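In the two assemblies presented below, subunit A is common to both, partnered first by subunit B and then by subunit C.
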Partner chain A sequence: MTRENLQKAFLTLVLIIVFGLPLILRSPTYLHILVLLYLYAYLTTSWNLVGGFAGVLPLGHAAFFGIGAYTSTVLYVQYGVSPWFGMVLGGVLASITGVMIGLPTFKMRGAYFALATIAFGEGMRVMVENIDHLGPFNINGPRGLQIPPLNVGLANLMFTNKEPYYYIILVMLIAVLAVTYFISRSRLGYYLNAGGEEPEAAMSLGVNVARCKLIAMAMSSFLTALAGSFYAQFSLFIHPKSVISLDLSFEIAFIALIGGRGSIVGPVLGALLLRPVSDFSRIYFGATLPGLHLIIFGMVLILVMIYLPRGLQQPLTKAYNGLLNRLDRRSR
Partner chain B sequence: MKKPIKEIGVCSAVLWVLTMALGAGSVCLAQDKVVKVGNIIPLSGPSASVGQQGKNAREMAVEEINAAGGIKSLGGAKLVMLYTDSESKPEKGVAEAERFINTEKVHVLTGCWNSAVTYPTTAVAERYGIPFIVPVSVADKITEQGFKTVFRIAAKDSWWTRDQFAFLRDMEKEFNAKLEKIAFVYENGDWGKGFAEQWKELAKKGDYKVVLDEPYPSTATDLSPIVQKIKRANPDVLLLVSNAADAILLTNTLADYRVKLKAIIGSGGGHADPSFLQAAGKNAQYLFDIVEWETDVNKPGAKEANEKFKSRYGYNLAGESVDAYLAMYVLADAMERAASLDPVKIREALATTNLGSGRGMIVGYDAVEFDKTGQNKHASLVMVQINDIGKGMERITVWPKNARRAGYQPVFPMP
Partner chain C sequence: MAILELRNLIKAFGGLRAVDGLSLAIEEGQILGLIGPNGAGKSTAFNCIAGVYPPSSGEVYFCGEKTNNQKPWDLCRKGLARTFQIVKPFASKSLLYNVMVGSFSRTKKRSKAEEKALAVLKSLHLDVKKDMNSGNLTIADRKKLEIGRALATEPRLLLLDEVMAGLRPTEVDEMVAVIRNLRDSGITIFLIEHIMRAIMALSDRIVVIHYGKKICEGTPKEVADDERVIKAYLGEDYGVS
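And now, the complex of A and B:
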């Protein structure tokens, strides 16, 4: 087998495993954890379009997540509109918002951009917390919105068991990874990369850096909002502190930093490490010493930052390449 | 430098390994002759203090129940407690409820203190038909969702606000004082907003003039802007809903700015937290607070229970912890009558609860009995005043008048 074929075989194997997983792993508990894991991998991959490729550090993505969650929920609860439609509309709204935020802020560099996006995200949360009605829409301030668990079915994106959610988010994750893959190999991807690393040099070569960043932002916020709608339908309860929280924005950024910013596999790796650490440390230590699980989470974060500043993807990619080389040699 | 196909391969390899690990962990532990109780409470984050008190109270009750022979109708089955930290976050509560029900196979759930966590979490329990005892989460909506498996011990928030205004009226009459201007300052979460909405209606009905309506974030590190607003609005009465840290901060800042008020009325929570009296000290003098329970309640066993609790954990029982303590006895009573671990039978038994005596019944009212929505019908509230009558700052029951501590004359309006 050639190297190419080996890789394809490996990819196929993994796809079979992730798709077949719910057949073996029947416990809703672990499916729930996996759904959230994929959700975070998805979110971080969407974030990565701006935060990784475009070389800036946006820390307000929870706002787009919230736009998605609120749009589909308000439309569904008040008007009975299918969440699938709300999802797309939420995406469009988020994308418009994203561009409006991007226009003034992309001129800022480094920490200033990060701070501006934090301010935007927090401002959004405070607004939602203090507004009960937005025109005809009831967004219910800090008390949040509850989706009555009636009318289960695909049309309403609502199910009683976890398997459908698992497959939906899995497909979404694969789709967003594919999008990232194609963008990274497209002209836009190269422009973004160039603009992220050396904006002056890129501009002098005629690359419209600002425009590329805006496109990336629009896509990123659109995709993030889709996840927001999915989350609302999955948890059936949203409130500002859960869907527009700074914690969420930070967690996305953490996952990206741990996994490796700007690489395709980084966000997935980061989610694979951080989500289980967060879930299992809570399960095993949450009750023994209050707050210990958060300390453990922080420790893991710090250790990875110190020893693997470029993220988990670097050593793992190396190991994977080594493995492939060995297999390649043996088969020859 | 990028070789995306390879990277996807790497990610899948890790995914695979992790999945295997998860699968190995999901082997469930079969156990019989125990009643597994899953408790989802905030053990870290802004409500950690209250969560910890609830945990301690549960521990004490369960130890007593188990030491007294467990559930006799189930052959002396012991109550086994499982705790988890909700971090006050709904999504964590939901994930933990799923885990408790599916992996740990709990028979009953309790929690979650934060109303925002309790809504979606009770929905999970309802879906699986697992009974859910809510010791404290006061939002009205919790028992108004049409759920069959939810049972709440504490009074709901419309009762709290109703009694706060009834108390004001009674005090005005008793002391022949006239209160006109009223200010609402509350944490901007679900709990505070719920209270404020009802206050507004009650104020309108009671002909009070609302001069300030100010929500604030509970995590604020400086509340002086809020206090300045209060000072400017110059109300007679200040109604508060606060968590522990902000209750302390607000009280101390009010004292720093020497804001003159006729009455300050808290809504339990932070004001009832043991840390409040320690940290606010003299600044908290004459403050009124509404609670479900006070250490001077006239009920057999209450004093002993409080002394035991205090010697173990270093602080008094409070409304929240008493509800948690009582919840365990309500559960034990229901299990005794259900004589089964079947959730349907446990639910039935809980629904027909009429617990009027026993070690857990140290509350001011006569019995625990649930109405059709799962709300404890008899839950009632008392008002206390914080004052120093020779033994340092303490909480003294003042209202309703028949529950007032013998020989105590409330200080009203505040000097």
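And now, the complex of A and C:
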């Protein structure tokens, strides 16, 4: 088999496994954990368009997640609009917000950009916590919104069992990974990387760095908001602390940094490693050591930053390529 | 028609006039050298031409069009490319990747950009190293890579900011040959350089600036014999005998 065929075979195998998993794994608890794992992999991959390719560190993506969650929920609960439509509308709103945040903040460098985005995300949370009615919309302040589990079905993105959620988020994850793959090989991907690494040199080579970053931000916030709507329909209860929290923004960045920023597989690897840690530490140590997973994350992050600055994908990609080469040579 | 013309260009940083009333013109197909002691304002002049800073006053004309407040990326599309005195490779990426960033300015298609980039790398004899990480290159190769990236944007005018600084004599000779080839392929070249041997051999004309002002202009021979130039470089006390 040639290298290309090997890669295709490997990819097919992974797809068969992930699509077949719910047939073997019947426990709703495990499916729930997997749905959240894919959700975080999806969120981090969306974040990666800005945080990885464009070389900045946004720490306010929970705001976009919240915009998505609240838009679809308010429209569905109060007006009966299908969450699928609310999802797209939330994405558009988040996209506009993302560009408005990006316009002034992309001029800032390093930590200042990160701080500005934290301030934006937290400002948003505090605002939502303190507002009951936003114009005609009832957002119910800190008490949050519940979605009554009636009229279940695909049209309302609501199901009584976990499997449909599993497949929807899986398809979303595959789609966002495909988008990232194509962008990384396109002119935009080259321009984002160049502008992130050496903005002055990139500009002299014809790259409008600020515009590229804004395009990336618009896409990233759009995709993040879609996940917000999905999460709202999945948990059927949202409140500011759950969908616009700083913890969420940080966890996305943690996963990206540990998995490997700017690579395609990095966010997935990061989620694959960190999500189970977080879930199982909550299951087994939730009563005695709440927050244990954050300590573990912190330690892993420190170790990764010291020994593998490009994240866990670095040694794994190398091993994977080595394996492909060996198989390739053997078959010749 | 002059491809580039500066009219009374001034760039002030606070009270300091880094470029102070500089006027010059380059004809198409020429090599113009810009020399001057450290801090004379050479790189600042380049930055004003390339759109990094807007000039404080005066005018920059590129291909007959006033380009004072245009941005670097727009000027690049119009055919102006440059290298940096302190090289700025995209260090985590391969040489091919670096050059493709440049060639993407003329095409959206990846295959075309790659083809163009490979051709440029081959012309600079860097094609064997195309997959190397650009952060691991020697200084001579980094300088060549800077030129390669700029060439991939298909420039009409190329600004070279000290591309020979830090090179060994054999590497300087090689670079001189590279620059001659570029001119023969129809690219106008404006270069800043401290290595006199190179700039004397290459330039059709040389402009000398000191404290942001032009103190002399002429052929390499005229400039080398000019008393003001010798004084600017060696100090007032240096007697010419």
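As a working rule, the second predicted complex is superposed on the first by the 323 of 332 C-alpha atoms of A that agree within 3 Å, B and C clash if a C-alpha of one lies under 4 Å from a C-alpha of the other, contacts with A are read in each partner's own complex, and residues count from 1 in each chain.
The rule is simple: contacts are C-beta pairs under 8 Å (C-beta built on N, C-alpha and C of every residue); 3 or more make two chains touch, one makes a residue touch a chain.
Bear in mind that the values here come from a model prediction, so they are computed numbers and not experimental data.
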Touching partner for A:17 - first (subunit B), second (subunit C), both, neither: first
Subunit B versus subunit C as contact partner of A:185, first or second or both or neither: both
First (subunit B), second (subunit C), both or neither touched by A:314: neither
Which of subunit B and subunit C A:197 touches, first, second, both or neither: second
Which superposed partner A:36 touches (first subunit B, second subunit C, both, neither): first
Which superposed partner A:156 touches (first subunit B, second subunit C, both, neither): neither
More subunit A residues in contact - subunit B or subunit C: B
First, second, both or neither for A:205, with subunit B first and subunit C second: second
Touched partner set for A:82, first subunit B, second subunit C, both or neither: neither
Interface residues of subunit A shared between complexes with subunit B and subunit C: 185
Complex contact set, residues of subunit A against subunit C: 185-187, 190-191, 193-194, 197-198, 200-208
Complex contact set, residues of subunit A against subunit B: 7, 10-11, 13-15, 17-18, 21, 24-25, 27-30, 32-34, 36, 129-130, 141-144, 146, 149, 160, 177, 181, 184-185, 235-237, 239, 241-242, 263-266, 268-269, 272, 276, 279, 282-283, 286-287, 290-291, 293-294, 313, 316-317, 319-321, 324
Subunit A-touching residues of subunit C, taken from the complex the two chains share: 50, 52, 71-73, 76-77, 81-82, 84, 88-93, 97, 100-102, 104-105, 108, 110, 113, 149-150, 152-153
Residue ranges of subunit B touching subunit A (in the complex, touch as defined): 2-16, 18-19, 22-23, 25-26, 28, 43-44, 48, 51-52, 55, 82-85, 87, 89-92, 94-96, 98-99, 102-103, 116, 119-120, 123, 127, 139, 145, 188-190, 193-194, 215
